[in-house]
Structures are given as C-alpha cells and as structure tokens.
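Same chain, two partners: chain A is paired with chain B first, then with chain C.
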Partner chain A sequence: MNKLTDSLRNNKSYLTSLVLSIVAALLIGAVLMLVTGYNPVEGYAAMLKGVFGNSRVFGNTLAKMLTLCLTGLAMAVCSKAGMFNVGGEGQLFLGGLAATMTGVYLQGVSPLIAVPLAFLSAAVVGGFYAWIPAVLKVKLNVSEVITTIMLNSVAIYFCSYLTNSSGPLRTDDKGVLGGTEAVPDAFMFDQLIPRSNLSTAIIYSAAIAFICWYVMKKTSVGLEMKVTGENPRFAFFSGLKKDNIMIWAMIASGAICGLVGMFEVYGYQQRFLDSISNEFYYDGMLVAMIMNYSPLGIILMSFFFAVIDIGAGAMELSVGISGELSDIIFAIIIFLMAAEGGIRKYLNEKKIQKKAREELELRKEAK
Partner chain B sequence: MEILAEVFNIGLLQNTLRTATPVILAAMGGLLTEKAGIMNIGMDGMILVGAFVAVSFSFACTSAAMGVLVAVLVGILIGIFFAIFVVKLKSDEFIIGMALNTFAGGLTVYLLRSIFGVKGTFSDKGIVSLPTVHFDFLEGIPVLDPLLNDNSIFVYLTWILVFLTWLFLYRTPYGFWLRAAGEHPESLETAGISAQKMKFIASILCGVFCGFAGAHLSLGYLTMFSEGMSNSRGFIAFACVIFGMANPPKVFLAALLFGFLQAVGIRLQSVGVPADLTAITPYLATVLMLVYIVASGDRKKKNKAKKQLENI
Partner chain C sequence: MQESIVRFENISMQFPGVLANDDVSFDIKKGEVFALVGENGAGKSTLMNILYGINKPTSGNVYIKGQKVEKFSPSDAISHGVGMVHQHFMLVPSFTVAQNIVMSKEPRKYGIFYNLKEANNITRRLVEEYGLEVEAEDTVEEISVGLQQRVEILKTLYRGADVLILDEPTAVLTPQETEELFQVIRKIVEEKQMTVIIITHKLYEVMAISDRVGVMRQGKLVGVEETKNVNERILASMMVGREVLFDDIEKTGEPGEVQIKADNLYVADNRGLMAVNGVSLEVRAGEVLGIAAIEGNGQSELLEALTGMRPVQRGEFYIQGEKSNGKTPGQIRELGLAHIPEDRVATGVSLQSTITENLIIGKQRQSAFSKYKLHLKQSSVVRYAEELFEKFDMRGSGIETAVGSLSGGNMQKVVVAREFSFDTPILIIAQPTRGVDIGAIEFIHKQIIKKRNEGCAVLLASADLDEVFRLSDRIITLYEGKITGEFKAGEIDKMGISYYMTGSRDADTQKEEGGAQNE
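Moving on, here comes the complex of A and B:
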C-alpha cells in the first residue's frame, strides 16, 4: 500500500495510470449505459450540464468537493498511522448531531461563542466515537475495520431513533420527517453562491485541509505517523510511542468527520436530518484510497469525484439514468488503480518473456 | 413477567434460525478465504449481488431454482474476479473488498432502476420464493414441530453445508492444502502445490457461499429485493469468522448467537421498544462479542505462558 505514497509530482507513471483508469472507467460506464438502453453521449452531456450549467449547480459541486476532500483526508490521516477508520459515517452523524444540538440549545447566545462551541462539540464527539475502536485496537488488538463498520450502524440507527417518531430530539415543526429543531439563523455560515450549498464552510475546510497536509508532510509528527503505519516494529524499537500515535491519528480522523457533519448542517441543511449523509464517508474513503492517501492528491481527486457525483444526480433527473452510475465508475477506477502495480508487473514480465523468446530465436538462427 | 414471555418464546428460536441462516452461509465462505490467508471484507457486496441476481432470475424464469443457480454462477464469477485482483495482481485486499462493496451497491441499484424501472424495492407476485420443508413425523411434538418444520429449504441446507465445509477443510487433501496456503504458503509450494491455486479455490467457494446467502436473503428470508438489503451482514459474517477462529462449528455457533441477539431485538419491538433501538442490537452485540473473544483469548495465552514459566 505504501509503494507509491510519496509526492505525486515525482510519479508521472502513476498519473498516467490514473488518467488511463479514469478513461477506462468512463468507457465502461458508457458501455453500461448502451447495454441498458441509454445514449451515453446524452448521459455524459447531462452530467456536465448538471455540474457547469449555472453558478448554483457549480456551487453545489464545490460543496460536495469539500465533503469528499475532508472525509478523504480523515481517512488519510489515520491510515498513514496504520489505522483504518471505516467508521467515519457514524462519526459524521454523531458530530453533526452534537453541533446541531449545541446550536439549538445556545439560541440567543452570541454567535462568537456559540459557533466555536459547536465546532468543539462536533470535533469532540466525532473524535470520541473514533477513540473507542482505536483503544480496542491498540490495547486489545480487536480489528478496527470490523468495529468501526459496526459502530457506523449503531450511530446511524441511534440518530434515527433520536430524531424520529417518539425520539427525544425530534422537532415539532410540521413537514420535517426525522429531524431536530433548526439551528438559529445567526449561527449559520454565510452562503457564497445564492441558493447553492456552498457556504463559508469552504474557508474552514481549506484550513483543515492545509493543517492535514502540513502536519502529514512537513512536521515530525507526520513522519512518526508514517513510520508507525509502515513499520510498527521499527517504530517501537525507535522509541516512538506508537500506541499514542495510532490513537491520536484515529481521534483526529474522527474529529474531522464530526466537523464534516457540522458543515452539512451549518452550511445549508440548518437542522440535523436522519438522512444527513448518504454514505459520504465511503466516497471520501475511496478518493483517499485511489490517491494512496496523499493529501494533495485527495484535494485534487475530490473535485473529479464531486463532478461525477453531482453530475450523476443531475443525469438521473434529466435523462433518467440511475445516479448510482457514479458509484460504479468510482469502484472501477479503484479496482484498476489498486491493481496498477500488479498489472504493470504482469505486462513487464510478458515483455521480458517476449524479448527472451526473440533472443532465443535469433541465436538459433545464428547457429 | 408478561414482557419476558412475549420476548422469550418459541417464536424467538424460529426467528433465530431464520436470521442466522444468511450470516452462517456467508461466514462459511469467509472462513474458507480466511483459512487461505485472504482478508475478505467484500462479502457484503457478494451477498448483495447474489440477492439481486436470485430475485431477477426467479422472476424472469418463474423458478426459484433458476434464481439460486444463477446466483451461484455469478458468485463464482465474483470469486474469480476478486481472486484475480487479490491473488494474481496482489492488490490490497482491504481496498478491493471495499471497492467491491461499493461496486455491488451501485450496480444493483443501477440495474434495479434500468431493468425493473423501480427505485428502492422490487417486489412482485411473479418472484418465486424458495420452498419450505415439512416433516410429517415431527407433527405434534411440542418444541420441535414449530421450530424445525416449515422452514425455508436453505435453513436445512445450511447445516449440511457447515458439515461439508468442516469435512472439506479437515478431512480432504484439498482442505489441508487450502489451510497450508494460508499458514505456510512456502511449504506448500515446496510440496509442489500452487498456493495461488488454493487461494483461487477458496475465493471461488466464498463466492458460491455468498451467492447462496444472497439467494436465501431475497428468496427465502424475504421475497423481494431492496437497495442495500445485505445490511452489513457480510461484515457481521466476517466478525463471526473471527469469533469462531475460522473453525466451522465455532463459526456456526457464533452466527447462531448473532441470530439469537437479532431475534431478541425483533421481539423487543412487539413490547414497544422503538425499532431503531432494537436495530442496534446485532451491531453492538458484534462489537461486544468481538472484544470479549479477543480479550479472553489474550488472557488464556497469558495464563498459559505464566504456567509454563512456573513449571520452569
């Protein structure tokens, strides 16, 4: 997994593979559209129109990019330290709920106090929910992959209980199914593009992304994380507190996910709905995997993913092709990129074999 | 007392069998790949595809058998697909497994929409469900009659498959080689048997089992397909493999225990506990069980080491 970790700039061949994979995935998507009786040109055109058609949809795309970028970075932060946080979805739900309730309860308080408290509550709750599987992994060696997946379902059902029919946090507002009270207008982030989902959350997101990149690439903590993730034994014998590094990486990851939940609410939804996220974290995780957990790569790739994701939604509305096509395209890119090293090796071997055979024949002829 | 009687009755055991069956099936598949040294977290997607294919072909051919057959064939294909990436191209198992789940989720919904023109759930009178089995000789016997009669055929088939899995792993040369492929691939290669081939076989068998699990889910347990209906069962099956230390009878018991807890959750709804809270039971139970098993395993190891030290 760490074969291609370092700077993308020095890795032209990786970029070539990436572009080829994307093209292949889009082609397979086109074939799938053809087979199921749609016109792929029409489909992809609708996709582009749904993303670049007007400023509102483009704002939505950028908002989506932020979500993907932050969830991707959350995955990158912990996996650098050798932890796989698959539980971002649950951390996002709980963090979003915590921030929302903070805002609701602090109605009337100055935003200068309330909003930072909302930030804090989202990060703490998200971080705490990631701390549980982290400790189980480090102290008891319980696979964090399984526990985080299970804790996702626990958190999602729990939030659904709290905000539905008889739940204690359900709103009295009519016409809202499965949601809490609304956060006061004064606490909401400002809209950057009218009627779109894009808000000043972009500034906070950029700050988080910068911190992630800086810590991972430019500080000793980042190096310690990398060492712990790549070779825990070496880390241990170098005197690194690898348990602490792993736990804190996981907490950081959970905190970022919690903040993503908060941004969803404070950015545009205004209240916590039990449908706050439609597997956003999994998409971010896929972005992170494709880019080998490189922070810069994640930031760039999340734009592409956002285009496909928002575009697919628009395509569903205008042409009737199911928007799930985006998941299929993403998965194919990942299959190809994960196998990139293997395919390259296989092709190389073939080439060498062919060369050897030719040489053999040349020698035979010479004789 | 009344509440207890409402929850703990024969219906609870019936529910246990029904809910545990798909998990047992998938867990048997996961156990084989685990033994062959592959961490397979793509089972959830495999089950989902199996469920979709089973419903589609049961509907198209008006035959449940065709549904199961095609689900198994597709399971084999997915097994080969998974093995090509993980074994042949040596890609990261975690990434491929996760991508497989995403792929399955996307593909089933996409096809659901474009073939059947529905979103969310496809249920139709035309879908033929799996037959139930009735034993005349059990009639009238108090506990056994309601428990063992009139279950979907897969409930019984599963027990046979668990036994066959055990037989295969511990009583045939193939099983021996498969275990060796996971534990000592080098030794196996030295003995002249390809570890890669054994991993391929394990992966294909896992696909078959997940095909069964999916078919049971959509044709036996329910008679419909709905978006994401595997509902993390593949992950729970994976957890069962870990509890059961990849030993077929133990994994079987772990899956039954999970089924029991989920059944308790379902029964609790009838005494007024909100459905969202009872839905948490199996997931929370999985985490707690995992912690307990791993922690007690650690303690045993430590005790053993202590004893050995004392003996010296």
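Moving on, here comes the complex of A and C:
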C-alpha cells in the first residue's frame, strides 16, 4: 500500500499534465469543429457512438487497441534496454508473412499443430529481423535507429515483390491484389464479436502484455535491462552481460512485432496483404513515448488512442467532420506532453537555484 | 606591476549539494600566463566557466578590463575579449579549418553570400600573424588533435580574444604536441601581449609555462604564487593536503596470501598512448596497498585494467592466483573482487534508478532475492536496501529516491555499500572520498580498515595523500605510469613522497630517452 502511494506521488505531476494535455487537445479539437462550422457536441457524440454505439464497433476499437498496445510494448521492451527499434513495421510485415505461409503450407494439418507453428514462425522471423540491427549495434556500434529504418523498407518492398504481379507468393484468387493465398478457415482465430475485427487474438495479446509488464517490472531480468538502458558502462562494470541483454531485448521487440503481423492475418484479414499495416508500429511508438515506456501506461493509453482513431472515422461518416481530426488531436497531445517536460525542467531549475541561494545565505550567516 | 585584466571578487558558486567555488578572489594580470591547478572537482573549471559566461555565480563579481560583468553569457564574454578552448573541442568535423575559424562571424559577399575565398585568406593571415601552422583548406576531421586545438585557438583569436582560457589543453596531446603548444603560448604572450589562463593538474607543465599559479582545493583558492617561488613538491602538497586531522584507526592482523598480482603490466589510455608502463605489484590478504600519484600518471588505467574495464596491452595479472587478462568485469567479479570506481557518476551508479535498484545490482539473481533467478522477492529486496541505507548512514528521502538526486557523498555511500556488501576477499578502490564531506570520509575510511582487518586485500588509489597515508600498509608511487618508489607505512612523510610522485630530475631525463626509444 505504501509503495502504491509512493509511486502515485512520483507520477502525480506526470499524470496531471497528461490529463490536462488530453483535455486541452479535445478542447482545441472542439474549437476546430466550431471554426469549420460543425457542432462539437454533435461531433464528439458521434465519436462516442462510433466507438461504444454497438458491440461491432466496440469490437473494432478493441482490435485496434491491441495492435497499438502490442506495438507500444514492443517499443518499450527494447528502449528499456537502451535500444531504439524503429523497425517494428518491417518485423511486423515479415512476421505476418511467415505466419501466413506456415498456415497456407500446413493446410489439412491439425490446427493444434499448425497454429502453434504459425506463432513460432512469426516470432522467430520477427525476432531474427530485429537481431540483425541489434548485433550491428552491439558489435560494430552501428546506430540501430538508422539500420532499423532502412530494414523497414527492405522488408516492406520484399513483401510487396513476393505478393504482387509475378511474385512467387501471390494468390490467383480473384479480386485480391497484392496478397497471398488465404489461411485455412480452421486455423483462423475465433471471432469474439460477430462481424467485428475482434478475435481471440485479444487473449493472446493480453498474455503478451502481461508477460511484458511482469518481466519489465517484477524480475531480475527487467532490472538488468533497466540498468543497461540507463547506463551501459555501469552495467558492464557491475558484471552484467550488457551485450546479450541489448540483443535479446531487441529480439523480444521484433518477435512481438512479428506476432502483431500474425494477429492481423489470423484475427480477421485471413491472408497476408502488402497493405497489412498502415504504419501501425509508428502509432505504437508514439503511445509508448507519450507514456514514458511504462507498460501499464501503454495499455491504458492505447485504448484512448483506439477510441479517438476509430471514433474519428465514425464521426466523418455520420457528421461529415474530417477524420483527420484524430491526427490533429494526437499531435496536440504529443506537442503538449513534449512541452510539459521542458516546462517542468525549467520550473525545477528555478527551484534548485533558489534553494542554492538560500543555502549560501545560511552558510554566510553561520560564518 | 602590470595592470589587472581579470578580477574575481568573492566568487561563490553553489550547485545543489556542492559548493563548487567558495569565496574566491584574485586578479589575473595583463600579459601573463596564469596556471590554475587543482584536483578534479576542485572548482577550477567552474570558475573559468563563470569567466566565460557559461555559469552565473551565485554571489560575487567578475571584472574584465575594469568593467564589471553584468550579463553572464559566452557571447558577452567574447565581446569582452575572452576566449575559451574547451577540453572537448567545439569544431564541426566535416568543415574545413577556415570554415570552422570564421564560424559565427563569416565573411560575406554582397552582405548575404558566404565568402569562402575570403575565409581562406583570413585564415592564412591569422596563421601568419600568430605563427600557428595549419592548412586553411584541410577538413578538420582529417587533421591531428594537436592541429584541431590550434584551430580552436585561432577561432578565438579571430573573434578578437586577448584573454585565452585553455581548459586542460594537454590532456589530449602527445608530449611533442604539448611542447609545440607551449611554444605557441609563449609566442602569443610575448608578441601579442595576450593573457593566457591554463587549467591543468600536471605540475611540470605549470613549472614549464606559467608566470603565476593559483591552486584550488575543494572550491577554495589555497593560494596564488609566482611560479619561480614554488616547485612541484610545494604545489603538490598545496593541491592534495588537507588540514583536517583524523584519529588513527586500529589496524590488526598480519598480511596473508597474495591476492592480486600484476606482472610487468602495460595499459594504454583512451588516446592509445601507454599510460601504465610495466607495473608489477602484489597485494596480500589483510593489507592495504596505496598508490600515491598525481592525477594522470596511470593509476586510473592501472585500476581499470585490474578490474577488467580496460584491456591490457602487455604483461599479465592474476586475481586470486587465476590469470585474468581478457576477462570481463563480470568474470573478474566472480573470482572474488569488488570495485569502487574512480568516477561514480559515469561508472558507479545508474542515476535514474532508485537507491534500492543500485544497491541490489549484482545480487539480483541470488536466491535470497529472486525465485528461480527471475522473480524478484520484492520484500527481501526492500528489507536489504533499508538495512544498508541504515548501516551506511545514507541521507535522503528513502530508498526509492533516484540516485541522481543524491549529493556526492550519499551517492558514494551507495557505491561503497553495494561493493562492500559483496563480501569479496579483494577490493579495488579508486578515489573513495572524492567530493565527499568530512563525516562521510571518516565513515568510509573506517569501513575500509574494517575490511582490511577482516582479511581483505585492498588496492587503493587516491589523489588525497592524507588518505593514502592514513589507510595504507604499503605505499607505491607512480609517475608517468612507472613505479618510482615503494615504502612501508611510517617510512616516509608527505614531503618526501611528493618527491617520488613528481619524478626527480634524473627520472625526467630517463623518461624522455625511454620515450624516444619507444617511438
């Protein structure tokens, strides 16, 4: 209990400014609606209705949330150990493709064998694709930010080649452009809410999220990752195998991204499309960064982001307010949170200077 | 007497928890080379940062050429004619020499276009005028460090500086480059009536280049002397001496088996120059071997090598009898060694982590603290951290405080508490009490002697001679990476030992010959 209040107190100012930022962003969104001639009450009502109006749209929101949450956690896991994985998009593509092809080739095999193998292939391929930049970073000190960005393009164009016109993995099914054969129905996750995108993937996602939180917050490994991320020299000095820690954190991050790719396919798309992800990983990165890479924060924030994202689409359909509003709201929150850090630092600095002067006065008097 | 060009009047600079400058007053005269010496953390860089306008003093005044400085900013200092060459150069590596020199005051054509030709001409004129040879069109990243330093100096001269601050200018230079730098300094002082302030802790450089020298210690100015009236030994004792007298601590027991053995060890520094030149030593169980040396004479590199933090170039060393060349710090720790590093902020702690986390690192996989080496037993961890927090008398708002917000003394207690509680038979300790308040010093000293009495082999390096004398059973002196003397406790006094720490005249000439052969 004591610990809980402690951690609340530590995060209080951060949470306060987060809530204020969100409120401010929503208010600015309202002003934008007014300026463009819409009624903000109507707009936000449509947004809420588009999210909570019926079980189908709510299911879609949850499906969106789990994508954001997992990609956000993938970002948090590696940045905890001091690695900045910008390559989740590529890992997602390759993991999704690997899982799909596993399913396609294992047609007729029992799902009890095929589906776990699909999981395995997604995680291994995603993890391997993150291992490359990790090793380059650790052994040769090549910036992982650059390599992961580059490898995104490699993966995305590679997948595009495989699944388009003359690519070896393209489907002959009519009406499908840039996609593979479909995964057999028997392997697909069960729908939890009919006609929505929500499947049992949410259960697997919850398990992954729990593992991430548990490892990062409750284990010796999490502590080692934290220390390595904050001060690699100290980690080395303390006898930690910092290179291994950094590489494995990156592999874990890539594996999670690979699984996100699989969930997209096995959750509702049923086949790998070269448009499988619309920069999902970058949204997840934003969520992770706004929440300071805190696992619990990411889980909560991804729900909020999903609400705004799905809600804005509904708002556009029913009221006619442009769905781009969601991007504006996200941008304002990010902007305000970034400024918050600076403002807090400035105020802190003032406080310290004042304290220092007082201390000096006291010393003078003592003399 | 020449006129005063810079005057410090009762300067105090308070950083949170550290009084970096304490009521410092002195004058620097026009046309002199003034050396400012002191250990790391003595406050010399802080003082010069105030002169250059980077820091605003908490109290006190600075006068430049008789004018009181009202606004502390580097651009203001530059307009007063103050230039500073930082230890880490502020150059754009991909630009040419000329482009770097004219930066922020570029010559222009028609008021808007960058005039590269004129920049090259300006550079050549400056080179000619001051005799600092550099090629205007070379790219900075392709020239040597010594030349880069010249570019930095030329840059300040181009901006019209007549007071030049050099922050540890020789730290990155080879002896050859150092000699060239000194020639340049002499030239600009004699021919151009410049004033040069040089921050250093290498005393022979002070003797070689300066007219006057100011010594700082723990934020205070110990004294300002004419260089011709002092020698290295006097300066050394001014730098490291401490007035406070401590009680003796009882030492018991006899030395046992050899625990650390180094055999003709060679270790390079970050520049690739040999910092440790063939050191052999032995440390036995139940004794403290102290290393007395002025900073930068290889003691840091030696200790880092013995703990696995730095590769060994030649020679061998043994921890508990096992050859340990090429082992990682983790592997060496497993042999039974704990280490208090010289730079606690960069190496000894994780600033953003809590006290608890910093105390438990290294033990996080022990069965007492984690199930299956994985699941942390939160309550045992907290209990353990609280115990150490009490035992080592840490101050602060509890074990969940981030270590970065602690004062230097408390931070050091975190390091000492963690390393001592490994209960290893070997301790390697560097600068255990640097920047630590007197009370904490006493406490840390007692802990070290307690370890020694319990049969621990302790290798200690400290810039503080009092500390070395108080704690050591045997003392070796290092100069330029070589052992210059070995003494039993009580065999020698501080004045005597500073002779060995600074290398005698004879040792000096031998060294130069040896250096020439190595090259």
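Please note the rule applied: the second predicted complex is superposed on the first by the 318 of 367 C-alpha atoms of A that agree within 3 Å, B and C clash if a C-alpha of one lies under 4 Å from a C-alpha of the other, contacts with A are read in each partner's own complex, and residues count from 1 in each chain.
The rule we apply is simple: a residue touches a chain if its C-beta (ideal position, glycine included) is under 8 Å from a C-beta of that chain, and two chains touch if they have at least 3 such contacts.
Predicted, not measured: the structure shown is a model, and the values here were computed from it.
K.L.:
By residue count, is chain A touched more by chain B or by chain C?
P.N.:
For chain A, the partner with the higher number of touched residues is B.
K.L.:
Quick one: classify A:Phe237 as touching chain B (first), chain C (second), both or neither.
P.N.:
After superposition on chain A, A:Phe237 lies in contact with chain C alone.
K.L.:
Report for A:Ile310: first if it touches chain B alone, second if chain C alone, otherwise both or neither.
P.N.:
neither
K.L.:
First (chain B), second (chain C), both or neither: which does A:Val183 touch?
P.N.:
Neither partner.
K.L.:
Go through the superposed model and pick first if A:Ser220 touches only chain B, second if only chain C, both, or neither.
P.N.:
A:Ser220: touches chain C, not chain B.
K.L.:
Contacts for A:Ala288 in the overlay, against chain B (first) and chain C (second): which applies, first, second, both or neither?
P.N.:
In the superposed model, A:Ala288 contacts neither chain B nor chain C.
K.L.:
Could you say whether A:Leu73 touches chain B, chain C, both of them, or neither, answering first, second, both or neither?
P.N.:
Touch status of A:Leu73: no partner.
K.L.:
Would you sort A:Ile321 into first (chain B), second (chain C), both or neither based on which partner it touches?
P.N.:
After superposing on A, A:Ile321 lies in contact with chain B but is clear of chain C.
K.L.:
Provide the residue numbers of chain A that touch chain C in the complex, in ascending order.
P.N.:
It comes out as residues 3, 6, 10, 218-221, 223-224, 226-227, 230-231, 233-241, 352, 355-357, 359-360, 363.
K.L.:
What residues on chain B touch chain A, complex-wise?
P.N.:
41, 85, 88-92, 94-96, 98-100, 102-103, 105-107, 109-115, 119, 232, 235-236, 238-239, 242, 274, 276-277, 279-280, 283-284, 286-287, 290-291, 294-295, 298
K.L.:
Okay, in this complex, where on chain C does chain A touch?
P.N.:
12, 14-16, 19, 58-59, 307, 309, 328-331, 333-334, 339, 341, 346-353, 357, 360-362, 364-365, 369-370, 373-376, 378, 400
K.L.:
Can you check the complex and tell me which residues of chain A touch chain B?
P.N.:
1, 32, 36-38, 84, 86, 136, 140-143, 145-147, 149-151, 153-154, 157-158, 160-161, 164-167, 282, 285-286, 289, 321-322, 324-328, 330-332, 334-335, 338-339, 341-343, 346
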